[in-house]
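Please find the structures below.
Each of the two complexes below includes chain A, the first together with chain B, the second together with chain C.
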Partner chain A sequence: MAEIVLETKGLTKYYGAQPALDHLDLRIPRGCICGFLGRNGAGKTTAIKMMLGLLEPTAGSASLLGCDSTDLTPAIRQRIGYVTEGHRLFRWMTIARLEKFQQAFFPEQWDEKFFADMIEYFELSKKQKIKHLSNGQRAQVSLALALAPNPELLIMDDPTLGLDAVIRRQFLEGMIELITRQGRTVLFSSHILADVERVADRIVVIDKGVLRADCSLEQFRASVRKVVLYFDDSVPADVELEGLLHCRRSERQLELTLVGVDEAEVAAWAKRAGTERYDFVEMNLEDQFIEFTAPPHRRRLFQWEEARP
Partner chain B sequence: MRFVALLRKELRESLPWLLLAGLLLLAVGTLALRAHVPNTGVRYWQYRRGMAPGETIDTWRLLSPAKLDLPALWLSFIAPGLGLVLGVRHFWVPLFTRTWAFLLHRSVSRLTILGAKLGAMVLAFVLSVGIIWTGLYWYACRPGLFPIAEPVYVLVNGWFYIVMGMVVYLGTALSALSTTRWYTSRIFGLVFALLATLMLLSLWRPVWLLAMTALVLAMLLAQTTSAFLSREF
Partner chain C sequence: MGAMALWMQISSGSETPIYLQLVEQISSAIAKGELRTGDKLPAVRVLAAELVINPNTVARAYTILEQSGLVTTKTGSGTYVSDPKLRHADAAEINLLAERMDTLITRAVNLGLDRGALTALFEKRLERFAGRLDKGKAENG
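Showing the complex of A and B:
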């Protein structure tokens, strides 16, 4: 069994009476590329900051590389790379000065050539000041700074936030560069599903501070499904299917979003409801994520009206 | 090496303010001494040579040891002002620029990070106003320039103002690190430091002054350290 490099047990954070994270249980093994998904305000940054000991948990615990997060030693921190949300770096420094600053904390493990190659790959100059860089360029510098010391565990908080498609692609390719180095573990939070789809082999979904899914990407893709049922008469009032996420009705159609329900169960329920006509609709990961995390019973604000004769 | 990297970063970030404070004190000190040389120093030598008929001289002024009074007055504002600016630069600005997370995830303890900030503050005071103040005093005591050398208490007074600057720095740091809900309670650290400074300025017995200064510094240092080690960022 692979070594667990990141573990949380009932990790909880309250701000006043408001829960930001509620009993998060995670076990990330070595070599795993884990996409940490959630909508804005879901609790991703809070969870990451608690893992890194920047926030104190209200309850529960987190451990990184076998060390409790509230007591991370400098030696353990040296083995963890961290890309902060928004790529906040010291604005007055040049890239070269920032490299020197960062290098001081990783004297033995700093890969000078790798850093130079990444800076060249991103078409940056070491003479450039951080304050003169765009959002995307700062993200690239952040990634290079985090990767150059060869971290065993890389934690990135929404690294592609605010980046355009081209820069995002470059950034992800840089990340893949790390992934190809054996034994590296990556946890990165995002709400851009295409990014996750490209690199992650496991996803963790949190919503309003609660863990909603922790599985492989394939498992998630196979679990969340949408089915449209057609009725000759009016649609049934109740849907008795376990795993029902959303239900949308029109006059003779019922659109169901289901999680963990197989086709036989749907067929059996459809028969009981008085129809045998139904179709499974193809969903991409983004649709699945939206359906999975959107609050139930959303009111439809605008309804398409058929043109009247 | 890590501590030095942190120290250099903090000093570099404060450099413009250090230069401003140092140059301001140097300018005021130079002007004050230049004004005293013709008024006091030159006239003293004229007096020794013998006065011309009808010429008068203010002998009290001649013998006054107050050549550094004006720079000392300026220093009593410059040092706490520098303390305030450094405190804001070291503890408040990272909150606004959100660089605390990047800084705290260094392979050093939080205590080392705080130590680097405090070390940079002490160095900043010594390198900017401390050296210049001592230099001005040394210049004013040069033999042959003035009839009476500046007494040592003038030098000590200046350094006392510099220590007051450090008190204000710690008060600002404490306010920046405060996480209480209301802004009025957040600025408690700064208000305490300012009131303590006023209280210390009103003391005149050296023993009391030393004891109370040490007490105020120790209280602020303990509170700042505790707040920094336990604060969430």
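Showing the complex of A and C:
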């Protein structure tokens, strides 16, 4: 079992009477890239800020590299990289000045050559001022700043929000580059599921402040499934299957979205319900995520009048 | 080795998980003779960086290829395409293959193809693999 580098225990935050994060328990092992997923307002940024000690929890605790988040020492902070949502950098500074500023926090392990190479690769000049850069260029600078100290743990809050495909890919390359170094760990939040699928080997899903999944990406891919059952006459009125997320019906077909139900259970239930004909429908990660986090019994926003049986 | 990954195309957002895309593409390259016995696959980290995918995903694909006998890993040296004579197809794998054929046959039936048309199509596609198919068992077909 790999060492746990990020842990939360009952981590909770209330804004007024509403919990933004409700008893989050997480254990992220060293050496993985973890995609932190959830819809807008699910509590991701709140969780990340508490992990970094930037926000005080209402209850519970978080720790990074074995050190409590409310008490991160400079020595521990040096081993952690953080990229904020929106890449807020000091606008009046030049890239060179910003490098010096950032370097001061990581005196021992700042890799000047790596930083210079990245700035050159991005076709930027260290003399440029932050305020004259585009959103994409600011994001590139913040990626270079985050990777230059070679952090053991890199936490990024929706780093590719609003960026074009090329710059998004550069962020993914950066994460892969970091993770291929021994013992590095990345946690990043994102809404681009295709990006998450590419680089993450583990995912955490939260919904309305509550943890819904913490598993390998492969396990998630394998456990959220859709099956269509075909009936000769009418479809059964009730579906009693543990792990049922959604159920849609037409005259002679029943479409079930299931989580953690294996094929044998589906076959057994189908037989009891009076059919042996069913097909599993393959889903991509985005569809799986939508099915997994959409409210139960959701209706389509736009819907034609249903055919009557 | 750099050219090796040129023919590999990873598509994120697909119904097929990325590790399976790798397994399918490497298996297909071996079946078509694009990768030959003794060819070395790129190192996990190299391929991961090149395709911009998680190294564990590449490792997972290599493990599956190894379990099916298509490649062998020599400790400290790398992963190589194995000798076809040493490969084994067990009953479970043949079953899996039969199931996948069912999916294709279902489609063909729904498209309105009859037995003759489907057989002809199958024979035509087999030609693409002629080099590999006829080497092992000369009596076939």
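Everything that follows uses one rule, which is that the second predicted complex is superposed on the first by the 301 of 309 C-alpha atoms of A that agree within 3 Å, B and C clash if a C-alpha of one lies under 4 Å from a C-alpha of the other, contacts with A are read in each partner's own complex, and residues count from 1 in each chain.
In this text, a residue touches a chain if its C-beta (ideal position, glycine included) is under 8 Å from a C-beta of that chain, and two chains touch if they have at least 3 such contacts.
Values in this document were obtained by computation on a predicted structure and should not be read as measured data.
*Asks:* After lining both complexes up on chain A, report clash or fit for chain B versus chain C.
*Replies:* Fit.
*Asks:* Thinking of the overlay built on chain A, is A:Y15 touched by chain B (first), by chain C (second), by both, or by neither?
*Replies:* Neither chain B nor chain C is touched by A:Y15.
*Asks:* Using the touch definition from the top, say if A:E56 reaches chain B (first), chain C (second), both or neither.
*Replies:* first
*Asks:* Could you tell me if A:I176 is touching chain B, chain C, both of them or neither one (first, second, both, neither)?
*Replies:* The second partner, chain C, only.
*Asks:* Output check: A:A200 vs chain B and chain C. Expected answer is one of first, second, both, neither. What do you get?
*Replies:* A:A200 sits against chain C, while chain B stays out of touch.
*Asks:* May I ask you to decide whether A:L285 touches chain B, chain C, both, or neither, giving the answer as first, second, both or neither?
*Replies:* second
*Asks:* Pick one for A:F106: touches chain B only (first), chain C only (second), both, or neither.
*Replies:* A:F106: touches chain B, not chain C.
*Asks:* Enter the shortest inter-chain Cα distance between chain B and chain C once the structures share a common frame, rounded to whole Å.
*Replies:* 28
*Asks:* Touching chain B in one complex and chain C in the other: list those residues of chain A.
*Replies:* After superposing on chain A, no chain A residue contacts both chain B and chain C.
*Asks:* Chain C touches which residues of chain A in the complex?
*Replies:* 32-33, 169, 172-173, 176-177, 179-180, 193-195, 197-201, 218, 221, 282-286
*Asks:* Mind pulling up the chain B residues that touch chain A in the complex?
*Replies:* Within the complex, chain B contacts chain A at residues 1-2, 4-5, 9, 12-13, 97-102, 104-109, 230, 232-233.
*Asks:* Mind listing the chain A positions that touch chain B in their complex?
*Replies:* Counting only chain A, the residues touching chain B are 49, 52, 54-56, 74-75, 77-78, 80, 82, 84-86, 88-92, 100-101, 104-107.
*Asks:* Residues of chain C touching chain A in their complex?
*Replies:* Within the complex, chain C contacts chain A at residues 10, 12-19, 45, 48-49, 52-57, 60.
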